[in-house]
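A, B and C label the chains in the order they appear, each numbered from 1.
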Amino acid sequence: MDQIMGNIDLLIQFPIVNLKIILDGVMIGALFALAAYGLALVWGVMNVKNLAQGDFVIGGGYVSWWSYHNVPYFHPLLGVPVAFIVMWALGWLTYKLVISRVIERDLFTSLLATFGLAIMYAQLMNLMFGSDTQSLVLDVTGLGLENNYYFADGLIDLPAAKVIGVVLAAILATGVILFMKRSRMGQAIRATAQDARAARVLGIDTEKVYAFTFSLNSAICGAAGAIIVMVWVIQPFYGITYSIRAFVIVTAAGLGNLPGVIAAGLGIGAAEQYGSHIFGIGYQQAIAVILLLMVLIYRLVQQRRNRQVMQ
Amino acid sequence: MSIIEVSNVSKSYGGVKANSDVSIKVEQGGITGLIGPNGSGKTTLFNSIVGYHPIDSGSIKYEGSEISHLQVQEIARLGLLRTFQQTRIYGEMNCVENMLISLPHRKMSLLETLRKNTVEDKEKAERLLEFVGLYEKRNLRSGSLSFGQQKLLEFAMALMNEPTVLLLDEPTAGINPTLINGLIDRLIRANSEFGITLFIIEHNMRVIMNMADTIYCLAHGELLASGSSEEIQNDQNVIDAYLGAH
Amino acid sequence: MKIQKIAFYGVLLAITVAAPFLFPSFSTQLATLWLFIIVSMTWDMTGGQMGYNSLGNIFFYGTGMYVAAVIAIGLVYDVGEYTGASGGGRYDFTNEQYILGFVLGSLGAGIFCAISAVILGYVLFGLRGPYFAIGTLGTAIAAGELVSNWDWVGGGQGITLPVYSGDFDQTKLFIYFAFAITGVILFIFLKWLYTTRFGAAINAIRDDEEKAEAMGIHTMRYKLVTWAMSAFFIGVVGGISAFQLISFEPLETAYQTINLGIFMVVCVLLGGKGTLWGPIIGAIMFQIFKEVTWNYFLGWQWVALGALIVVTVVYFQDGLMGWLRTQKPEWFGVVVDDKDGEAVR
């Protein structure tokens, strides 16, 4: 308790520390928002609530990490497109083998099937890469930059890797959004999300749309994971927390609300950083989950006022 | 005495006013009808009463107390029961099981629910199934019944529940016309023999004219006319609304 | 018919009693089988009979373990001091202390879990469908994380019960019968419960909750009571498990969300949701699969179990009982309409 009060005191005495926490939170939150966007996409288009979301993120991280250690001259930044492509393929395979068979079924089926997938992928990664936490160091001194920038007399450090990570996340997000708006496939996806039967009547091959959407989601997650491995750490069993964060964000923002997803992502990133600053780093996972429960309760109260239930 | 009192209720969806300033009264022990062309706001009003959505303004009173903020199940537990336009029965259970699940749980304590159904319960279920003409079908899976039969089953389930007021949403919609007279007869008997107050939404003018003591007519979300069936039949506004709406 | 039934249950009971004596080297596995049967039956109470698919019932298992351990230790020692010493110092249980701690601990765990089910349920049962599943999953994960940060109960290290110097084989038998008796009581309880009006009401909630609400059924009351009853039994077996394992830690043993937490769901699906025998048969099928994979897929067993979940959910969701029901509906008392539409008695 004393320690908690002490940590809060620190925030009040050195307001600049708040800035650092918010910066950290926003940077990591941008990556949460990516995974959440993918979840919202799959949820909205094919009504599948994917609990393996976080495992795609971690999977992307391991793709980059493995390539770095096994491919000569492999630059960690290259991991982002590579993870995108590899996880695209894995997402497509997952769709064909499992997801395509649960789309028309009730929601618990898809939830449980993806939970089974999550366990399977986590165990597979555990077997292949071991259970230690892993990360990659992004060295940018070769590009004429410094690896760490310091502000406010060294109270705030801003690692270049994190800034680059956020920029990459923003580029990726912009690319996906433009794709959804401009391309024919993007239009087909949005049409299917609105009314799959009508889309089918209009000649859209919804099966193809579903496969594409799920692969795209998996690829986005993979790319996010390849960024996370440079700015944070990954571990085979961290996936579920990312899935839960994605759920928190989508539940808080609602489906089809892109600005909401971004805002909620950044907000949750910041909330988590504050939480782990105040309560200690050991509570980080717990905070992510407790945020989920808080968002659910908030939505519940909101729905009750409308005489509706959460379903 | 009026058992349901709707005063000045308004409800809009987005910009569309589904009900504006509607006031109606349902008399205890009587049969009250609510008619109106498609899209006139009948079902919206119905759903406001049974608790499916909040109302924007006005008040809804049941036995003198406000119910417009209560949840569906709280309202149902007061004895204000409804049937669904698209019937809702337990398709996997047979008719008798459907009837037994409709026993008035609201009147039971937890300990009473931890008992098995008594012989009297089963007799009552079979008697009511006979009342609606489904006795021969009582052991069939209810999902295998025709739509009209399912509607009758839902009606029997509602009677099993011993409601004070029964709100029926288009009871004759989708029923074979030759069976409609039988259904009207049963509705009237439910009112006179079991003493259940009925509040019926009906699209079919002939049906409602034959049984309701008081009729309210909605059009474009507003109350157009009210009165006995003769008054409604001769009301120029009602005639215009029905002829002009389509 | 009556005689056949009595004989059937008699034989089952005889097997239950004789099994640990016939296969003494498997008594731990047999106890685990009972554990799986019990948690599967309790999961089915809400998941199968009431339609509320919880992914977080493991919360009650973990909480049961901790409550039982804290009660058993607290009867003799100061809990904070005991966990603070973490292995240092000498603490043991006498015979009486062990038995008393076991009985009070397990029952206390059950009661504590039932009460927490009511409190949690009051919030979580407002959620439907996938939100309920994710909400319960979140609760279980959060509880594990919080307990692993709570030093009074040993933090991430977990708890090791005091040394009990009783006969090892006898203790094993004792644990086996504790599980078996709990299982038999649960079976009899459910067999009765599902024939009452209460049982019909929770089935109604599963089949169409909106209709049940519209009929004035106290849906929240039934949901809370069902979950509390289910939590009571999970809590009790959690308590027994604490004494079986002696030493346990929060994330992988007590709140083992991705192991037992999901396996209980798979057992129920394998056997058949919403039936009395389905969870039992499913738990046995699952145990057989698990033992086989343990022996033949060395290192890959967890992957194989994950794959089993996926395959069960995708291809075999109605389970053995569901399959039988479609093959032989008359065994389940379903009357099929014959051609002229006349009812069959």
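General remarks:
Everything that follows uses one rule, which is that a residue touches a chain if its C-beta (ideal position, glycine included) is under 8 Å from a C-beta of that chain, and two chains touch if they have at least 3 such contacts.
Note that the structure is a prediction, hence the values are computed from the model and not measured.
For the pairs A-C and B-C, the larger set of C-beta contacts lies at A-C. Relative to the whole-protein C-alpha centroid, the nearest chain centroid is that of C. The chain with its Cα centre farthest from the Cα centre of chain A is B.
Each chain gets a centre from the mean of its Cα atoms; for chain A and chain B, those two points are 49 Å apart.
With each centre defined as the average position of its C-alpha atoms, the distance from chain A to chain C rounds to 33 Å. Taking each chain's centre as the average of its CA atoms, chain B and chain C sit 43 Å apart.
Among the residues of chain A, those touching two or more other chains are numbered 304. Counting partner chains per residue, chain C shows two or more touched chains at no residue at all. Multi-chain contact residues of chain B (touching two or more other chains): 71-72. Only residues 51-54, 71-72 of chain B touch chain A when the two sit together in their complex. Chain contact summary for the complex, chain A toward chain C: residues 49, 51, 98, 101-102, 105, 107-109, 111-113, 115-124, 126-127, 237, 240, 244, 247, 251, 280, 282-283, 285-286, 289-290, 292-293, 296-297, 300, 303-304, 309-311. Considering their complex, residues 193, 195-198, 200-201, 203-204, 207-208, 210-211, 213-222, 225, 334-337, 341-345 of chain C touch chain B. Looking at the complex, you find that chain B touches chain C at residues 50, 71-73, 76-77, 79, 81-82, 84, 88-94, 97, 100-106, 108, 110, 112-117, 136-141, 144, 157, 161. Against chain B, in their complex, chain A makes its touches with residues 304-308.
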